[in-house]
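Okay, handing you the structure first.
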Amino acid sequence: MSSANQFGSRFTMTSFGESHGTALGVLIDGCPAGVHFDASVLSQELERRRPGHHGSGQIVSGRQETDQPEVLSGVFDGKTLGTPIAIIVRNQDARSQDYEKIQKAPRAGHADDMWKNKFGHSDHRGGGRSSGRETVSRVMAGAVAKMLMNEVSSRTKVIGYASQIGPITLPDADRKNVQNVNVDSFQARFPSKADQQVAELLKKAQESGDSFGGIAEILIQAPPASLGQPVFHKLKSDLAMAFMSVGAANGFELGLGFDSAQVPGTEFHQGAQDVYGGIRGGISTGEDILLRISFKPTSSILDVAKKGRHDPCIVTRAIPVLEAMTWLVLADHYLWAKTDKL
Amino acid sequence: MSSANQFGSRFTMTSFGESHGTALGVLIDGCPAGVHFDASVLSQELERRRPGHHGSGQIVSGRQETDQPEVLSGVFDGKTLGTPIAIIVRNQDARSQDYEKIQKAPRAGHADDMWKNKFGHSDHRGGGRSSGRETVSRVMAGAVAKMLMNEVSSRTKVIGYASQIGPITLPDADRKNVQNVNVDSFQARFPSKADQQVAELLKKAQESGDSFGGIAEILIQAPPASLGQPVFHKLKSDLAMAFMSVGAANGFELGLGFDSAQVPGTEFHQGAQDVYGGIRGGISTGEDILLRISFKPTSSILDVAKKGRHDPCIVTRAIPVLEAMTWLVLADHYLWAKTDKL
Amino acid sequence: MSSANQFGSRFTMTSFGESHGTALGVLIDGCPAGVHFDASVLSQELERRRPGHHGSGQIVSGRQETDQPEVLSGVFDGKTLGTPIAIIVRNQDARSQDYEKIQKAPRAGHADDMWKNKFGHSDHRGGGRSSGRETVSRVMAGAVAKMLMNEVSSRTKVIGYASQIGPITLPDADRKNVQNVNVDSFQARFPSKADQQVAELLKKAQESGDSFGGIAEILIQAPPASLGQPVFHKLKSDLAMAFMSVGAANGFELGLGFDSAQVPGTEFHQGAQDVYGGIRGGISTGEDILLRISFKPTSSILDVAKKGRHDPCIVTRAIPVLEAMTWLVLADHYLWAKTDKL
Amino acid sequence: MSSANQFGSRFTMTSFGESHGTALGVLIDGCPAGVHFDASVLSQELERRRPGHHGSGQIVSGRQETDQPEVLSGVFDGKTLGTPIAIIVRNQDARSQDYEKIQKAPRAGHADDMWKNKFGHSDHRGGGRSSGRETVSRVMAGAVAKMLMNEVSSRTKVIGYASQIGPITLPDADRKNVQNVNVDSFQARFPSKADQQVAELLKKAQESGDSFGGIAEILIQAPPASLGQPVFHKLKSDLAMAFMSVGAANGFELGLGFDSAQVPGTEFHQGAQDVYGGIRGGISTGEDILLRISFKPTSSILDVAKKGRHDPCIVTRAIPVLEAMTWLVLADHYLWAKTDKL
């Protein structure tokens, strides 16, 4: 029971703003008072989300806005107040754009026509709220959730990375090493020597007007135990919902996921903790949790207006967004667990 | 923002009851008045959920209770009242059971210890609410949701079936033919000649104390268009959440899902409707939607108490539960869409 | 954001059942695990709600059912499980009643026609859910909330009593003495020597086919401090909502209430704690809280079918219901306050 | 089940912002697409809320900010988009103020210490969110709700006025005439010749450092019928909750309210529609609804820092806020009723 743009049951956040409207923003209600508010975490996460942020300008396209967050409420003297925290980022490009030139026809492959049918009236400019730009709100909220979790469970880490882009898959050795590298130092957030190959693949795709799907992985290291509310707000259901709410996501796996279909139970349950994926009965065991999210190839290749400027693969940019959603789920369930027992 | 055992935002249902408690039940709040209440749909869906219901006694184990639903409220003169609909099923076995004999130790592979840690106090008898028996509540609620949808969108069908059990996968030809067969007439709800093979595989597994995971598919035929509430209650996010809340589920795919990673965008977006999976921008297009849910091998093989009586594969029994969750999501979003526009 | 029959944000309860349906019931979701479940508190509160329970048979009318609660779920070994608690009471009279005789026409003054207009289809039998019998659900939920609060704040008491019935008002001396008497020992729960006068007034009214309104007061002694969530879930707003949801209630006062209009601020703010009513800025101070609820005269005098059996005044019977609502608000806010700060 | 700063179940709004923070704002989620957005309604309602707006500068004190609303999202081409509508007003005074001078001690009679105790950390500047300035958010949301209702139920009017200030009460003749006058043209929104007397009373109170409580009345003319969701979201319960969430409000009456205690039922139920107050069984009948809200004398008289600048009576300024809350309840229930029946 939520409104359409609201996420979470205890640590709640509502996302707002159109891609070419005045501002994007988020409103957090339910964050406890007394959390140290580190503005640098906020800027840093926004910077990580920004197109072309880490030397990967040639891979990911998009507007070159510096997203300057403005905290409107809920923080005082460097700490949260327990009141709603509103943060906005203004759309700088939007100000000067020539509205007349923007195509009024729905863009092929985009959700524009779906919104138009559903709501009768829609903001065609740059996709409105179906634009990837909406994720600015999620990243800002996730940054605050991260601040909270960093204080209450400092060992918990959330590490996101690409594990497949088009036909190129991450070697197992690299996956096991992911906590020892800086994922952001890889152009495609593909933490492997093959990153260079991926970059070339995507460059070529961009030039030829093609795109690729891919798979992102989220590793939650040392999550608090006992998070998750059976039966409908199991940790895995809320994580699945969180990830599937991201634009082009079309698949979710916990632990072995689909591959577990083929493994006989006697084998599967030998190394129990690994394969359970750190969640049992919908509740975190305290062990690491591995999640995989698949993305379809970007549809912007069909958008003539974007020719040559389209994102050849969305996975790299999606990583900070998926991490944000993970922090939100953790913070929400951390607070929820406070009332589990007397 | 929901309570832990509540599902849905408009058509809401709360599940209650412990496996060996007095009763299982569901409370629906938000069903409109005037829906014809067909008690036979309710019985039929419960019957489909029941272990050993369709000649598959040898494959699926479980208590041989006839689940007799009792409608406590919300229905009068054959129609819903717009008031809360409570339906219960009493646990017949529970009455006579010898509580003393029930093991107090958490069962390996089960969620018993997770619940114990989280809540401090738990009902160890048969898994309490972590038992598969909890799905009785979901099936009852789903039956009511189905009654509603049958009236307002009579062309919409939800067809569930097993598409992989252990190493055996459903041939594409059979998948394409699924709407022309009676899935329940197949022992393992594996709608193919290979059903017999599956049955043998599972029989052997049961005898040898092994189990298998598998994959279920849900085909939504002719769903109403314009269902789904961006950005957090997209149809795909709510479906993912619904399915991932089911016991051993550990993977979700919409349309091509994980396989879409490898397909170049130019190819993927050619046959747009198929690969989008009937949902675009989180909103149903009105075209068919194909969903896949993976299940890990049942852990009951580790449960010495259940030796020889365990379920060798959970997928067959999960089908009516997944269908119920699908009807619940559809009914919820059908009502939600009533306020999309003036 | 709630369903229509659900109350509370953390300790949530949903009420269900029609007056002449199969059963009345309540489903509590959000009660922490480990609360000692005292079935005698439940029976006792139901008994207090029952018409003619305390020698006042001649004043309050109604069905002479002994309401036997059955706990269906959520309790094990004498303690709550942290899972949903469902409790029902069957409608015994309902079984044998002659449905044919029940008038199909809406009863004057009753809400029957309102329900009919709104929902199109309604249960005319005895008012359906607009009947006072629905309060059985509230009293059962309130009893569980009381069990929780008794454990966590044992000094907190909720004392309800009638302070005005028709033209007869409670002397101030009696009001001040209310915590030293047993309110239930007074026929009209009017804790004064004037109770006898009230009884006679009501007897006469019943005989002459008349009725009276009245005022109930709820004294919360030693509530926990810091309860209440500004700005919309202030303790006073949630209490007002709780009380105004009761049938014939049409007025609410905190502390001095309407009388405070006439008192100059310099005077009003001298004896601050009294007049603030134990709530400041919407948050409990820990001091006693006095609440007043007015009720209109019962409309059943217009109901020819009930001639001579109508309730001449609803206030006496409303007391246990108001107390239950108070416990529910306290329990809800007690849990909510757990996440106020780090 | 709501977050603390959120109001409404279908048409939801979340209020944010501290009195001396960067901005006040509101986020509406659930407004249907296609509502004509009339910015002048927004400005006009904000102007009506502003201290000293209608020649009553001498009565109501406060900061002389012109509140310029900025719509950040949810509106395009003059119509709502069905997406979240965020509107903010910047705190102009806040920029230049000397924070050093602001007293750190909790102000007597204010809620400052309550917030401090509850949250551990609070914004002492001007009361933070316990300040009356928070009502800017409510008025903005109410303006949007009014735009929606104006389109769907153009005959519905909400008329607020003061009916008692200190010892001076509104003559019945004036009350009956209220729909024929412009309430805002009266200095104290006391629609009577006695308005001048009230003004003098308040002037004197201000000079002598005293204050008065009072009573506001809200008349809902021609509301849509069938609004209200039994049993917990009856129209009267949601209205009571809405009004009691306003700062100094401490009493609520529907129709006759507390006075109905003394009227015998035979008399009360003669002129049924009047005395029922347009709500029966918690559902609007379509007839006019009269609501009364009492306010305690302002506590700012105890605030030495405000000496001579305090509000001598809050009722006049509360009128536009109460009207806004009324529109919010109506819009919420208008949408909710869309799913009452098939």
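The chains carry the letters A, B, C and D, assigned in the order they are written, with residues numbered from 1 in each.
Methods note: a residue touches a chain if its C-beta (ideal position, glycine included) is under 8 Å from a C-beta of that chain, and two chains touch if they have at least 3 such contacts.
These figures come from a predicted structure and were not determined experimentally.
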(request) Any chance you could name the chains that touch chain B and chain C both? (result) A, D
(message) A-C versus A-D: which interface comes out with more C-beta contact pairs?
(response) A-D
(request) Determine, using the mean of C-alpha atoms as each chain's centre, which chain is farthest from chain D. (result) B
(request) Please work out the Cα centroid separation of chain A and chain B, and write it as a whole number of Å. (result) 28
(message) Report the inter-centroid distance (CA atoms only) between chain A and chain C in whole Å.
(response) 47
(request) Round to the nearest whole Å and give the separation of the Cα centres of chain A and chain D. (result) 39
(message) For chain D, give me the residues that contact two or more of the other chains.
(response) 1-6, 12, 15, 30, 33-34, 82, 118-121, 129, 340-342
(request) Could you pull out which chain B residues touch chain A in their complex? (result) 1-2, 4-9, 12, 15, 109-112, 114-115, 117-121, 129-130, 134, 164-167, 205, 209-215, 225-226, 228-234, 236-245, 249-258, 260-266, 268-269, 272, 275-277, 280-283, 285, 292, 294-299, 301-302, 336-337, 340-342
(message) Quick check: in the complex, which residue numbers of chain C touch chain B?
(response) 1, 3-6, 12, 14-18, 21-25, 27, 29-30, 33-34, 70-74, 76-77, 79-86, 88, 118-123, 125, 128-129
(request) Show which residues of chain D lie in contact with chain B when the two form their complex. (result) 1-3, 10, 30, 32-35, 82, 148, 151-152, 335, 338-342
